[in-house]
Structures are given as C-alpha cells and as structure tokens.
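Chain naming follows the written order as A, B, C and D, and within any one chain the residues start at number 1.
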Amino acid sequence: MAPFLSQYIWTWLAYTIAGLVHVVLILNLVAVGALVFIWLERKISGRIQDRLGPTRVGGKFGWLQTLADGIKLLTKEDLAPAGADHFLFRIAPYVSFCASIAAFIAIPFAGGEYPWIAQHLNVGVFFVLAVLGLEVFGVILAGYSSASKWSLFGAMREAAQVVSYEVPLGMCVVVPVLIAGSLDLVVIGDSQAGSLLNWFIFHDPFTFIIFWVYCTCATASVNRAPFDLAEAESELVAGFHTEYSGLRWSFFFMAEYGSMFSVSILASILFLGGWHGPIPVTNFLDLSPENGPVLGYMGQLIGAVNVIGKGVFGVCIMMWIRWTLPRLRIDQVMATCLKYCTPIAAAMFLGATLWQLQMPGKAFFGLINVSPSVFAIGDGGSATRLVKPAESKQDVNEQDQIARKKPASLELAQKGL
Amino acid sequence: MDPDTTLPVLLMAAWLVPLASFVLIVLFGKYMGPRGIGAGYLSVLAIVTSAIFSLIAMFGVWLPNHDFPAAHESEHSSSTHDGAVVSATDESHSKDSHSNNPHPDYYTGDWYSLGEFGTLKLTIGYYIDSLTVAMFCMVSVIASCVHIYALGYMHDELHEQFVDHEVTLSSGEHLHRKGRFYRFFQYLSLFCFSMFGIVIAGNVAMVFVFWELVGICSYFLIGFYIERHSASTAANKAFIVNRIGDFGMLIGMMALWSSVGTFAFGDMKNEKGEVEQGLFSLLRPEESEYQLAPPAGMIAEQKRMFAGDPNASAGDAATPAIDPKRNTQGQWLLFIAGVGIFCGCVGKSAQFPLHVWLPDAMEGPTPVSALVHSATMVAAGVYLVGRFYPCFSPEALLVIAYVGCITLFIAATIAITATDIKRVLAYSTVSQLGYMMLSLGLGGWVAGMFHLITHAFFKGLLFLCSGSVIHAVHTNDMTFMGGLRKKMPITAYTMLVGCLAIIGAGFPLSVYGLSGYYSKDAIIEQAWSFGSVNPQHAILKWAPVAGAFITAFYMFRLWYMTFAGQPSDPHRYDHAHESPRVMTGPLIVLAAFAIGIGWPIFHVNDLLEQGRPVGTLSATHGELLTNLTIPSEHDSHVPLIKIPAGIAAFCTALAGVLLASIIYLWRLLNPDELKESFKPLYGFLWNKWYFDELYNYLFVKPTLIVSHCAAWFDRNIIDSILHTSAAICKACSKVVDALFDQTVVDGTVNTLASGTWGLGLWLRKIQTGSLRQYVMFIVIGTVALFVTISIVQAYFIPTS
Amino acid sequence: MDSIYWPTFFFYLFSGLACAFAVAVLLSSNIVRMAFYLVLSLGATAGLMFLAGAEFVGAMQLLIYVGGTLVLLIFGVMLTSQERFVVMKTWAGDWVKAFLAGGALLFILAYAAFSIPEWRGIERTEADAIVAQPTVTPIAMGLLGARTDDPSRAGYLLPFEIVSVHLLVVLIGAAYLARAKRSRSSIEKI
Amino acid sequence: MFNFPLANLLSEPVGVAHYVTVGAILFICGALCMATKRNALGVLMGIELVLNGANLNFVAFGSQYLRNDGHSLGLDGQLMALFVIVLAAAEAAVALAIALNFYNNHDSIDVDRADQLRG
C-alpha cells in the first residue's frame, strides 16, 4: 500500500497513511472482535447452560449487550488502590493490550504474492510468539503494582504458567515451520494451498497429534479455562485484575480476547490451511491476481474470510471448553505442561522430523504427492517462492523428476547412517 | 643325531630348567598352592626334566656316537674270560704305557660372550666330553631322588606355624615361624643349576662363577634354620672356609691366565675360522706328544717372577737352555698354578686342612646334606681336579695325593668316635673324598672319577637313610637309637646296602660285588702300583688300606648302633615308624644304583676312559722331584699288583666289619671300657684332633686380639679426634650463628616474610567482599587499560 | 539537504529509547520499575537489531530476553520482596564514583568508535541501493553445520550442541539450587 | 564547504560507530547498575544490560550495511549474539537461583551484606 501511495504523495506521508490504515484495521479487528466475542461467549455459555443468555439489549439476539457494557465501563470511575505503584498500575493494562494487538502486525490474513499483512516479516512465527509472550508482562505488572495479595498470587500463577507453557508451545509451532521450511507465516500458509488434504494437520500422524497439543498449550498460554488460574474467582476474587475497574479493566479483557483470537488464527495458519479453504474455491473461480486486480482482490477477500472464520471457530471451541471443563489446580496445570505436553511435543517433533526425512513431498499422511516447489528450501520471501504460472508446467515436470530421484538418494544416505 | 649340535642344546636345557624353576619360585613361590607346596612340585618337575634331558644326552646322543675304546680294566679284571682278548689287550696295554693318549672326544663352544678385554675373553660356553655327560646324569638322577625325598622330609615346613624345637627364645618358648617350604626348594633348584654350571662350563672363568654360586647356595641351605645359632655359624663357617680355598684358586687361575692367556679348556674356532688353542692344548702340545710342557709364556712369567727380570719375554723363552733330563723352566709356575687350583678344591671338597666346615654343615636339613655330600658341592672339588688334570704337574699331583691321604686317615679316625649319625657319615664323606684325591694324585684318574660316581650314589643313599631315621626318632644321636631294624626295615636294609657298598664289599678277585668294591679296589690298586715305583712314598700305599679297615669299622658301628641290638630309648623306639613312600622310594632307587652302578656290564668305567684327559695315560716323571714317577693307570691292572691289593682290601674290610660286630653286635667287648682304656686317644679323636681348637688359637684368637686392638684404637684415638673436631666445629658454628645466621640470613628471611605480610595486609583492603566495588574496579581497570595503551601507543611506539 | 533517510530516523528513535530506558533502569530505585524499563530498553534494542538486518536475532531477543528472562526476574522480585516495594538506597559517594568512572569509559569508547573512519557508515547512494537479504535460513543452516554464506568455513553445530546441553544443565542446576529446603523439624519428623 | 555536523544527521545512513556508541551507553548503564545497585536483582539487570550492549555490538559488526569498506563479521556476529542471548537466559536462571538461596540465608537480597569473603 505504501509504495502505491508514494507514487502520488510524499513518501513519508504515504508511509504514515498506510501505517494508519493498518493500525485502524487491526485495532478495529481486535476491538470489534472483542465486542463480538464477549457477546458470543455470553450466548454460548447461555446455550451450554441451557438458558438464553443476553436478550434484552439490542434486539433479538441481544447483540448490543457488549456495547452497553462498554459504555458502562467507560463511565466508571478509574480507581487505584492507595498502596499501589501508580505508574505501573496505570501502565500495566496498556502493556497487555499492546502486546495482544502487536501480534496482529505479523499475522497475514491472506497470502499470495501480495499478502494481506500489516508487516511482512520473514520471522513471523517467532515474532508472534514473542509478542504474545510479552502480554504476560502486563499481567505481572498489574498483579504486582496492585498491592493486593490476590493480585500478586494471580500474577505469580500467570508467570509460572505462561513461562512453562511457552516451551511445548514453541515445540508445537516448530513442526509446521519444519514442514514448510520457513518461519514466514505467509509461506507456511501458502504451503497448504489446495484442498483440505494439504493442510498440515493432516500432513502426517505426528502433526495431527501435535495440533491438539498446540490447542492445549495455546489455551493455557492465553489463560483460558480450564487453565485460568490467574483469575480464579473462587480463590483469588478476580486474580490479577482484582483492583482494576472501568476502562483499564476492559483493556485486560480486550487483550485476553485479542490473544485468544490471535492464537486461533495462528493455529489456522499453521495447521488448518490459513486462507486456503477446505475446498479450493478460489482456484475453481480463477480468483488470482493475474486475472486482474478485482478478481485478485476477491480471492484475497475470500482468504481473509477463511482465516477469520477459522479463528472465530477456534475461539468458539475455547469457549465451549471453558464452559465444559472444571478448572485445574495449579500443580495439575504444571504437571500437564511438564509431564505430558512437553514430552509429547518433543516426541512428535522427532517423529515429524523423521517423517519429513522419510517421505518428503507427500501430504495427507503421506498418501498424496505435493508439488515439490512448495517444499523446496528457500530463504523466506514469499515472492520468490511462489511458482510463476508461465513456467510452472516445465518446472513441475523437472522438479517432479528431482523429487522422484530424491528418495533413492535419501535411502542411500540412511543406509550410510 | 649329530652330537655336535644336539649335545650342547640338550645339556643346556638340562642346565637351565632348574634356573627357570628357581626364578619362578622366587617370584611366585608364595602363591603356588597352599603354603607354597606347588613350589616343591615345580622344583621336582624341573630336576626330573633335567634328568630326562641328561639321560637322553647320554643314551640317545653320546653312547650311539662314541664306541668304547678297546676295554682295559674290564678285560683285565676278567682276564679269565677270554684268552684271545687277553693277548690283544696286553698288546694295546704295552703300547699305551709308552705312548700318550691324544685329546678325548669333546665338544666345546661359546653360547654367549659377556665381554672381551684385550686377550681376556669372558664367555658362557660349554665343554662336553664323556665326563661331563656322566656327571650330568649322576647329578640329575641323585638330585631328583633327593628332591622327591625332600617333598616328604620337609613336610613340617608346610605348616602355617612351624615350631622350631631347637631354638628357645628369651621368653623360654620355642620359636614359632611361618613354614619356608617353597624357599627350600628355591635354593635346591639354584643349587642344581649351579652344579650343572660347573660341570658344563667351557672355561675357567665360568667355572669360578658357578663355583661361587655353589658356595652361596650351600650357605643358604646350611643356614636354612637361620634362627638356630649353630646353623647360622655353620653356614658362616662353610662360607668363610670356602673363601680361603677360593683365594688359592684365584691365584692358580691368575697364574694360568697370565702365562697361558686363555680361559677356555678346549680348542675352539673363532669367527675367522682359525682354531684358538685352549688351555689343554697349550699345556700339552701335540708336538711334545701330549707331554706336559710349560708354554713359552709360562716360562717367561716364571723368569720375571723368580729372577726379577722384568724384561724377560716370550722371545727369551724361545731359546731355553734345554736340558732334556731336567728341564725346570716354567715348572714352578706350573706347580703354583696346579696347587692354587687344588686349593679351591680343598675348600670345596673339604680336604685337610679345610675339612672343618663339612661336619658342621650337618646343621642343614638332611636332604641338603645328602645333596652336598654326594652329588653336588663336594663332588665339585673332585670334578674340578679331574677337569684340570692335564694342568697338574707330577709334583702338584703328589701334593694332591698327600693331602688326600692325610684327609682320608684323619677323617676316618674321627668318624670312629662320633655318635651323631650324620657326623659319622660326614666324616666318612671327607674320608672318601680323601680316597678320590689320593687316587687322582697318584695318577688314577679313572679310578678317582669312578669312585666319585659310585660314592655319590651310596653316600646319597646313606644320608637319605639317616634322614629317614632322624625323621622317625627325632634325634641325631645314635646312642638313643638301636633295634630300629624291626620298625623301619626298608630304611635299615637300604642303609645296609649303602654300608656294604662303601666298604667295598664283593667277592675278591671276581667281578661280583657292590659298586664300592670296584672303585675302591681300583684306588687301592693304583696306590699299590704307585708304591711299587715310588718306594719312598710307601705311606701312600698303606694309608688307603688302613682307611678301608677304619671305614668298615665305623660304618658297621653306625649300622649296628642304629638298627641292631636292643632299643636304648624305648620312648623314641615306640614312636618310630617307617617313613612315607615318598621318602623310601628314592632310597630303594638309590640302593639299586649303589649295588649296580659299578658293574662292568654298565660300562661306567669305559665311559670314563673315553673322557681320560689328554696325555695322562702314560707314566710321567717329575721335573722338580726327579725321582718321582706317576705310573700309568693301566699299570695297576697287572695281576702282580691287582691280586695282592684286592686281597688286602678285602681282608681289611672284613676285619673292620668283624671288629665292629664284636664290639657293637655281639657285645663281646664293652665299648665303654674301651673308651676308658684308650681315654687319651679317644679324647683326641672325640675332639676331632683338636682342629677347631687349633684354628681357634691359630687364627680366630689372633684375629680377635688384632681386632680388639683396632677397636681400642678406633674408640680411643679416632673417636677422640672426631669428637674434638666436632666440638671445634660446634663452637665455630655457634660463632657463625650469632654473627651471620641470626643477622643476615634470619634478617633477610624475616624481612621478606614481614614484607609479604604487609603486602598481604595492604592487598586485603582491596578484597572488600563488596560486589559493587568489584564492578567499579573492573570499570576503572578498563579505563586505565585504555589510557595506558593510548599513552604507550602515542609516546612509546614509533609510527611507521 | 537530502531527504530523510528513514532507517537513520528509526535508528535514532530506537537508540534514544534504548538509552533512555537504560538510564532509567540505572536511576530507578524500584526494582519492578527497573525491570519494566529494562524490558522497554531491550525491546528497543531488538528494534535496533531489526534495523541492522538481524531480524532473527531481534526476534530471539524479544522472545527469550523479554518474554523469558524478565518474567523470571519478576518472579524473583516477588519471591524476595520482604516489603511491598524494595528500596535500597545507594550512598551518594558511590553514585559519584560510578558516574565518574562510567563517564570516562563512555568517553573513551565513543571516542574510539568514532575515530575509525571505516565505522562511520556507508554513503547514501549505496544505502538506497540496499536490498535486504533474509538471514533466517543462513543462520539455521549455520547452526546445523552448513554455511551457506561461506562454505569453506565451519558451521556452528558443535557450539550449538554445547549451548543446548549447557542450557539443560543450567536449568537443572538452577532448579536444584532454588528448590525449597526442608526445615530441620520436618526432617526430624521423618 | 563546511557542513554543520547535525545538518544532515537524518539524511545519512548510520555506521558501526553509532551502534557501538549505543552499545557502549547500554554497557555503561549496565555496569553502573551493577556498581550502584544494592539489590541483587538490580545487579542482575545490570548484567543483562551489559550483555545486551555487547550483543548490539556483535550485531553491528555482523551487519553488512554499516561499514563503508565492505568488511563485516557476517553471519558470525549474529550467531555470537544468539549464543549470548541463550547463555544470558541460562545465566539469569542460575543467578535467580543464587539470589533465592541468598535470600533464604540472609533474609535480604542486599549484596552489601554478602561480604563474608572480605579480606
């Protein structure tokens, strides 16, 4: 967008405008998303508990309920405890919220040659993980600066839990990275082009298992039930945000829903094909940029809808889990992480590695071949990686031959080992 | 089989196997089976292996390759057999008497050269002739019997706690110590190795080395019960007395080497293929028909010694004033060399006047006595005389003969009164060795060597029997024995065989007798033959005959006191028992040898005849003593001498046995009364002719007086000098201490120490323990480093 | 005067942030605020690394330092605070000494850095022509032992393994060191 | 023509020297932090800052865009920085454990009280 604009106006202005557009879009996504998710959560919990949920405000489905809540929070008094460290107390919600939003900077909503992404990073996965990890920092600051023992306990639990779960989470994330051969989320997403069969969740048995490990760890790392020890009402009143009220409290809330959404989108990109639907509709309709900007834009839009839909689906699953499973004790939480998730993730990582070695260029549990161009080890940039249609046929033929030769040499290598 | 290659290998194997056993026992003896019993078996295995190798060498290699010369003695002694042969032998006999015999068949060579210093060559070599092979067989067979016997005899040493009843500690208890079974066999193996070394030695130096090795082994074995005072002094005595003899031997060796220039016995080819003449060839050159002729070097040496002419050289000797009748040139040196070598033999073979150690050597365990007295140590002396025989001039031989004669008589008389069973046998050994020396000195080489071999068997037998008796009654004293014949018949009758053999029992003038009969008769014949040509030395003719009488008397006295009559000590008698089979077995074997080894059908005599040293067959005449004639050995076989000598020997022996029977068997004469009636004589004999006392007064006392004087000098003069100088030193050092040490040295050290201390105290302030200050130090240090480097770079390093 | 070179602008932005927050860490006496400033300083440094073309290192810096190390730090703060806010005053003399020494060192280092002409940076024209090269794959291959930038040089497999094992050992050791000690009475009960 | 030094400050690319200066500032802040903080965790943060400054230097030396003579450490600089980061994490874990032990023994984390090794 910035290069496009800079043809017409000053460069710095073009960049600023482009940046503002991105920021507004992302902020909208998170903020509006949070509104929707809070309403959704209320409805889902209502349904699960065999009741209706909000119905009064905003018509038939009570869809304005969240907005009303938001207005209520805006108007509430911004309190801080007498013993609090005011500076940290004030700044903590913003830290969390910033971290939550910043993760969306590197998350693509549509791939292709011109991906829909705020900032295309070739270490996207790491960036997202790192920034998501920062979110806990706000939580800890909040818990500490509140000068309340409930808050402190909540923050302690949060710290222990998040730090622990980052280990298996990282291992889970590395597996799709390994298969795609890149840390670039766009590349990872585009590696799963085609139908449902090419999704990494179905790539091999190990990825199938590790997807569920990822789900568990992601749930834990965003403090959702049954791992919501940091805000366990029954023990800690409200955990780290006990002392918060009004808008600051709502920032924590938005950060939480933003994180849920971002890990869900991450799951969809890493395992569930990202912007590629289960059925390759865009291919059938030839919605590619080559056929004109409008059709290309349509294709990208369908991709974004896919990503957001899968993300929302993931969030709904988390809600379903929250209202279904009881909360664990803190020792159970840690045991789940260290005794189960980490070893399983490590074993699956090893298995996926060996699978890659044994069956390169295969998809859907090794049953079908994938165009090897997708799997060639390159360096990062999606532009260089995508196959140009004009050359694709010959290339595919040549590379098919290479791919067919490859197992033999690998076999030799294994014998040598 | 080629004897030139196989004989050295076989005998070397037989020689080295006991060494291997010794080394193994030294290293691992303690760990061989319970309390080292395996060491005994290993040692026995080694010596039996040696015996097998020796017998293979004898029957497999030597005998098939060397035909006996036309037999002399056997034909003569059985002249009634075959008339045709008599005339033939008479012919050869007459021829032999006038011409000399050449070198016997021998094999010599060097295995290993230890070093070469000018003309002096020290090698490990071999000289093998029939005597060597015969000695090997004799030594190894007897040693095997002794080893096996010792397995049983030394059984007490196998106990963890050996109680030595003859040693009483100051606490009044008997000594308790660990058993030393393996050590005994370790020494036995070394002993056998050393003896084989002497026998196989190819040169004088090697002989001397093993000669001393035998000496040290005897020291170890005699002193085996080292805790007993008597044993340790006996070991010392044996060792010291032997050293005296060895001193003479060294003189003899040096005399030989300095004049002849070689140590080797036989002729040997060197690397260039030239024949280097050995000792025997040089002394008895082929040109002089193997007559003893002092070589040029010896004549020159004698001139240099006697005339004090240092310029005398071999060149002068090349043109000696030849007086064919009386040529004394070099004879004196030859005499000195011969007597010197003989001195060594006197020590080792316990001849007068160095015989005193042998009876004391009875302190060792009986198997040791058996081995020392029969096959090894004392035999070594006689063997050496036999080996050096070509080097002895007639005068030296006469000395040997007289020494042997005196020895045989003195020892025999002492044996009459001895009551210790082993001492009787010990003096009998001395006496028999005297016989051998006498025989050798009178020219009877074969007779002497023959007696050496036969004696080895029956003396070994006698000692083992006495050991068996001692084992049974736990005492050496014959007065506590008696009547043991019924308790231990095998011992008794094998010992009887030994006694009969030693007195030379046999049918006179026939070929039937025990082994001693042949050898002893041959010696007496030789003595008579000598007496017939040298009437001035008639004593040498009668002494062996008298000795035969005394021998018969004391041997049967011994047997009667031990085995016949009534038991004098019923307690000991009741506890006596026949020895175990491991001990009686060797007795029977040795008894068989004692009976049969001398029989003509075994040709021992002929075998020895093969090894007769070069040029010793014909009669020789003395150069210094012109009326001395050493007769040819074959002359003693003429009936004129043989018949009276045989009858005399038989009669004297019979008389001795009868006298012994009268006194000790039938008790017709009371021995105590005899003792009383001949009290002075008895005392004289009982005290062994006062030899020990004599030596005590002659040598020990003066030595002690001199050493007391020296000690007084030491203590009073030298010590006082030392003490005075020490006191002066002390005073000086006190001054130095005050002036220098306490100020300069101590001052320096103290200053250094206090400086270090002060520096430490100062540095201590830097160690604040404060982490933050350390960080500050780092920062300041970094700044200082940068500044220093900058300054150095700016001002001191020139910019190029 | 040329147009603004935006990387320079961002460099000054991030370096200003990093330095400012580093100074804030130094001057703050509240340990938790220090930690907070430190996170910001480190985050800004990560930005500097992105600017220098080391995006993988920057991401790692964010992930490990900011996400991991500082959480541990705060964990420690909470476990060791005996009061609500730990304040330990430093002597004024220490401050003076520290600033003198630090100032001297800073002067020396900065002087040294700017005294080397090669370090002054490239020309604008060159800078405009730069096309960023991704570094993730070379780093990954380097850690696996194969150097894509210079095949003649050895890779980093061995140091990588050593560091991995070291990390494992350190974590176990730290867990051992930090585990709660049993009180004497409870041992006696057992 | 004489240029005012700051006139084209933003229009010229920066070089290694700038990075090194920033690294030096971080380093000195960290060192002073270690020198002045009495809280052990403050010292630990100082160490982190020091390491970070060093890391920045590594990255700067490894960058291809910062030197005008074309030399650079290349990949080595970045890998060094990576190793430093990893080791810093390890060091932080150990240091925290030590701090905890220290706290258990002294009921405080004032490093000035840890002077048993004073000479």
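Heads up, the rule we're going with is that a residue touches a chain if its C-beta (ideal position, glycine included) is under 8 Å from a C-beta of that chain, and two chains touch if they have at least 3 such contacts.
For each chain, UniProt lists the protein as follows: A = NADH-quinone oxidoreductase subunit H; B = NADH-quinone oxidoreductase subunit L; C = NADH-quinone oxidoreductase subunit J; D = NADH-quinone oxidoreductase subunit K.
Predicted, not measured: the structure shown is a model, and the values here were computed from it.
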Notebook entry, point to check: Farthest from chain B in C-alpha centre terms, which chain would that be?
Noted result: A
Notebook entry, point to check: Roughly how far is chain A from chain D, going centre to centre by Cα mean, in whole Å?
Noted result: 32
Notebook entry, point to check: Just how far, in Å, is the C-alpha centre of chain D from the one of chain C?
Noted result: 6
Checklist line | Length of the line joining the C-alpha centres of chain A and chain C, rounded to whole Å | finding: 27
Item checked: Rounded Å distance, chain A centre to chain B centre (Cα mean) -> 107
Note to self: Give me the residue numbers in chain A that touch at least two other chains, ranges are fine.
What the structure shows: none
Next item on the list: Could you list the positions in chain D whose residues touch two or more of the other chains?
Entry: 28, 31-32, 35-38, 46
Next item on the list: Check each residue of chain B and list the ones that touch at least two other chains.
Entry: 772, 776, 779
Note to self: How are the chains arranged in terms of who touches whom: line, ring, star, complete or other?
What the structure shows: other
Check: Name the touching chain pairs, would you?
Finding: A-C, B-C, B-D, C-D
Item checked: In the complex, chain C residues that touch chain B -> 94, 97-98, 101-102, 104-105, 108, 112
Next item on the list: Quick one: which bits of chain A touch chain C in the complex? Just the residue numbers, please.
Entry: 11-12, 15, 83, 85, 87-88, 91, 121-123, 126-127, 129-131, 133-134, 136-137, 140-141, 144-145, 147, 152, 155-156, 159-160, 162-163, 166, 182-183, 377-381
Item checked: Residue ranges of chain C touching chain A (in the complex, touch as defined) -> 3-4, 6, 30, 32-33, 36, 39, 55-56, 59-60, 62-63, 66-68, 70-72, 74-75, 77-78, 84-85, 134, 136-138
Check: What does chain B use to touch chain D in their complex?
Finding: 763-773, 775-776, 778-779
Next item on the list: Can you check the complex and tell me which residues of chain D touch chain C?
Entry: 7-22, 24-33, 35-39, 41-42, 44-46, 48-49, 52, 55-56, 59-60, 62-69, 71, 74-75, 77-79, 81-83, 85-94, 96-101, 103-104, 107-110
